[in-house]
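These are the structures in question, set out in turn.
Here chain A shows up in two complexes: once beside chain B, once beside chain C.
Right after this comes the complex of A and B.
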């Protein structure tokens, strides 16, 4: 049962991805860029070109970190949309720690402390809007997004202000670079440690979601928060904890990006990673394994988006367009996503008993059979009758 | 005194795009649909109006084109969210991506530049920029600013005093009851989303042909999200939305003001964060004072119930 649902969701993600790619191809063709040339450019830029696979992996790593955390929030029904801000916070703080701690402590130790500090900073950047959400019912989408905008200005502040490099006289203000001993990866952005880190974080989150009481309670809240509350789940604490996990991994992503390939932050630095990470989580059907695959796909697209401007003149922001198109359709319920429910309903002759399947799952793409069955949601109409 | 006039001038300038979009979003919100894609719609509107102004030589034709395009996009959004039951929040964030990336792509494809696209045809400014005295409050403001009181009044009439407005609220608050009473909920939601699209187009046009006379990449920088918050903070009431938009407009104006006059010696970037910080504070206040307002979890799945 579980594998069939999982397969169905994965198939649906694939279809959404294809629909997005097709729409983008049509647009590019209409805009005067040959779709065939673009497609072959994507393949060259992401897979077959020299060094392309390495670039794909390099861009997939931070995406995977962030998206694994996003999965935790989304499974609990919390729309943490501020991954970009948490990524920035992680990057800024890890840079600060990496620059201020003396390297005489030993490079790896400083690097470890800096990465840890970055992750904690990301966590703080996520938990504050999370607290506003659980204690004051503040819309978490807007809250986390606003924190992203604030972080964007912090990036500019840090680049032109306290950490500004005195060496450069270029157009764009940039901070000093982290010494090579403190970097977690070489300029290629890939190191065994970081790859191992992604796998470790992935395994930890998988274990958390599937094998612990915490994960079970997250799933309960995601299905029906009121029901969970009635059954004695501390919904506020659990909610806050999901924000903390998301922020922690997004901060990790920012830290390894800054302490890895980049080494410094320039004013106006915008990796456009927030929406992509959300999409990676959704296309990866909110499961850790799926997320790792989806991160590679979008890492490849990111790598291609850097190659395409050179190969075909297509602006690299076209990736944002593609990401938007896929997000637009990824949660749509069409084809085998919808028909079984209708058939089942008719077969039972009852009212809409499967409505609960569609309720508080962000994206509604979670494979339904993968967590323990909720205790009788069908008998509880839930909180849903009061709308804003 | 002159500084006060300048400040009021920038408050009006900062409020206008927020208010146009927020007044439009009011309808989507009352119809029970989270339209988080305001930012994308505004960007598309800003780009289409510049494109129209360049192509037809008239800013008003450009604005009409922008409204048409945004209504079209809103119909697609309606189809995906209401008919295909996609999650409105994710689809809305996707719409922002489409707006940011799509306008950037078209800018390259049509105008062959990644910098700014400027138009000579602009919206009329009744009071010229050289005005002095109290009149300078209105200096260089486009007609779209003057149209705002009219728009706010019309929105109030439509939302609170017409059959359509009642149907919109019913579709949002009690979709099942509305359906039982014979309201075609999905069509009403389509209407509400189209109004949102058209008004976002005007808001975006104010940014491009109305004030900067140019389009540049991602030029809305969060105005759409702020407008969305204005609807939450204004508690979905037309005059509440007006008030909320002005509060955010004042925060924006403080940012502009402080670029000329240092405030408390704070770095510029911290002042520029002001609109976003004020937005968070406003949401916090709303959540604390009116506990039912502003939760994504409640409204987010309204579309699944309709």
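Right after this comes the complex of A and C.
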């Protein structure tokens, strides 16, 4: 991508974010909460408050892991919407391995194996719906979301079943906790290793996209799958590989969350992180650098949502509303270039419009097909301007 | 009384004239009248004007003795119904719903009773002898059943005149007989049909009269079938270029004679020197500086030389035969082993694409083999089978002497297969990708011609881009920067990018599918020269085209495809009448 294009998309992303926040402020004001107070509450909760930055980073790290992988799928035009499930799968398996392997092997070694196992589990959780997509043309959104539901029930199963501990109270069952030696972060959720991990994964994915044939082919498929196939791209294999990468990093995210700040899984654990990560990927204009920035922004919003109820009396679920608005605006941004054009064409195409296939129309008599739009539902990875 | 007709109808689409002062009249009611002509002759436009769907610049349409101005803003004309080439029924509707749509009756105050509606249409369908359940969904119907619904719908309006636009195009052969019987039965009841068709055999079988359109003009007014023979009709369809045989050589001359003004428009001064874009490029002196009004065939050759010169330099000694090779059209001493062999390939027909029936064709190195046929007779399937997009049901494909049936596209490309697709925007280029990515897409993906820039799957973007730019400049693509998006290029320039990718040093077999469709004369000249040059460098070319001038100008021989079968093979000197006859009727002898 030329840096100018990149800046342009990033700028639009920033504008969308600001518009979303402004809309939220107006709504809060109308609902009887002070918009100014909310704004300052967000800043305090995410940045200036004591310990706020640490909290922001703590929530940004898993988001970044997942979103970096999501970028790969989306660039290939595959709307892998199941990051949540892949995150769960990574968390569950890393917890299992972390609890099962004897600590006598050495804490870091067990931790490494557990994180790796989690990543592989996330990969499997993504590749299965990926195979349904590339071999049987099952819509990947349906497939990956369904797998997320399965994973969600597995979370409950593992919490009330094989790994159950006596720590649970009332209706909530909790698994045993991973011993401290196996943890990748302290309770704060931040460690040099994990931060380094995000940067490494980010660098690896950047390199994959920009410096390998694989990345070149992903971009071809994402932009025009038919053309890619004609050029000799093995579209199925490449598509499947994008699912694998996305699942791998989402699994990593789950592993560092469970082996990090949480240490255990409780029934009903639902951080709603998968969809937020998709948003992070889109706001980050499907570029690794952009994703890292966007992850910090959304990590900050999450941190602020813990603080907002104290500062302004807003319910913490107002964050869901806020991210909803932002996603709305971000995806509407995609439409700026497209919708009006399409609408105009449709408006002009009255009954007088020729469907004539035998006219010597300048530029070719075949239908001047636009490139197929990326297979995306509500939120589309669409024409975010990236290029190899 | 004139049952159907039009007077001095003219239709323009932008700068192109689709119908030019067309006057036609059919007087015999209860008969089947055929209109034939090449693609682009204006047949479909005529149908649409008659049905009131396309507004004419001037003229009148006569339906059952009543004159209507043809210039009225598009509105369905009463008394005449059009059955489209591709059916316009909503696929998720039931048959009864589709028939009811926009029709009065059953519905009262916007409400309708499904039962009553279905009974109504069941009766209608039965009356016409169609065995289609009114409860069936449109999308579950076979093409002939969908057509039956369309015809039922057309007749239910009370219209006595029905226009059918290529009714046989989507039907399997066995269904065609049924359709013909039904049309004849309806005609006997006094319904008048106007039918657009491609195949003379079918016209002969069905129609009472035939009229011929060519280039938007009437070249044969409605004439009883008994009074005209197939040869005459074929001759008129092909543009009346008649007995005059077009030899390979004179066709070449024809192509070059066309070239000058076109080349003046495209021949950019030597692209290798430009860095800042067309402005600086135009300053450099080169062969095509002379590409002004006086540009000649020599300029065309010079431009092509510039374009292909790297080929000359880099072609290894193994291809030393290049110089010795005879000019196109002259007899060849010994047949070289084929670079492409398609042997008894069969492909099933699916909706929208005709299959192949035991089709065979060979292409030898240094030979252009044209595939001629009316569109939709299996050309697409042939191309897809050779390229590797479609697995044949039966038969085999060999590329460069190797069995290729099981090979993926990348492997075929490594054997030297190149493909210039007809559908540029979807198959040939990625509009949102950059120029250099488009130029290098196949080499990177299939793994050839990228030495130094791709190693074991790792690529150097800088080197790759440089290689891409070399290709672009070799073909004199006009661009500002190679990271420009493809969609910013014009049609001719865009095709140059495709040539830059597909006509390279490693090419052994080029499949060119309507390679000049939509291009102006200059672009056409460049493509022709590229293919001729490739042939001169011992590349085999399979040329699928519906442009007879192009086939005549380039082909060393022409294989005629009809209904998925190989029906004839022609060699120069070519003759339009013979080819036309073969395309619509089958083998001449």
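Annotations for the structure displayed:
Here is the rule we go by: the second predicted complex is superposed on the first by the 326 of 388 C-alpha atoms of A that agree within 3 Å, B and C clash if a C-alpha of one lies under 4 Å from a C-alpha of the other, contacts with A are read in each partner's own complex, and residues count from 1 in each chain.
Keep this in mind: contacts are C-beta pairs under 8 Å (C-beta built on N, C-alpha and C of every residue); 3 or more make two chains touch, one makes a residue touch a chain.
Note that the structure is predicted; figures quoted are calculated from it, not measured.
Legend: residue contacts after superposition of the two complexes on their common chain; A:212 is shown touching chain C, with no touch to chain B.
In the superposed three-chain model, the partner touching more residues of chain A is B, compared with the other of chain B and chain C.
Touch criterion met: A:234 reaches chain C, while chain B stays clear of it. Of the two partner chains placed by superposition, only chain C is touched by A:223; chain B is not.
When the shared chain is aligned, chain B comes close enough to touch A:156, but chain C does not.
On chain A, the surface patch touched by chain B in one complex and by chain C in the other comprises residues 355, 358-360, 362-364, 383, 387-388. Contact residues of chain C toward chain A in the complex are 13-16, 18, 39-45, 48, 53-55, 73-76, 84-86, 387, 389, 408-410, 412-413, 419, 421-434, 437, 441-442, 444-447, 454, 457-461, 483, 491, 517-518.
Taken together, the chain A residues at the contact with chain C in this complex read 2, 210-214, 216-217, 219-220, 223-224, 226-234, 350-352, 354-366, 368-372, 383, 387-388.
Those residues of chain A lying in contact with chain B across their complex are 27-28, 31-33, 77-79, 81, 129, 132-133, 136-143, 145-147, 149-150, 153-154, 156-157, 160-161, 225, 275, 278, 282, 313-315, 317-334, 338, 355, 358-360, 362-364, 383-384, 386-388. The part of chain B that touches chain A in the complex is made up of residues 29, 32, 36, 40, 77, 80, 84-87, 89-91, 93-102, 104-106, 108-110, 114, 172-175, 217, 221-222, 225, 228-229, 232, 236, 267, 269-270, 272-273, 276-277, 279-280, 283-284, 286-288, 291-302, 304-305.
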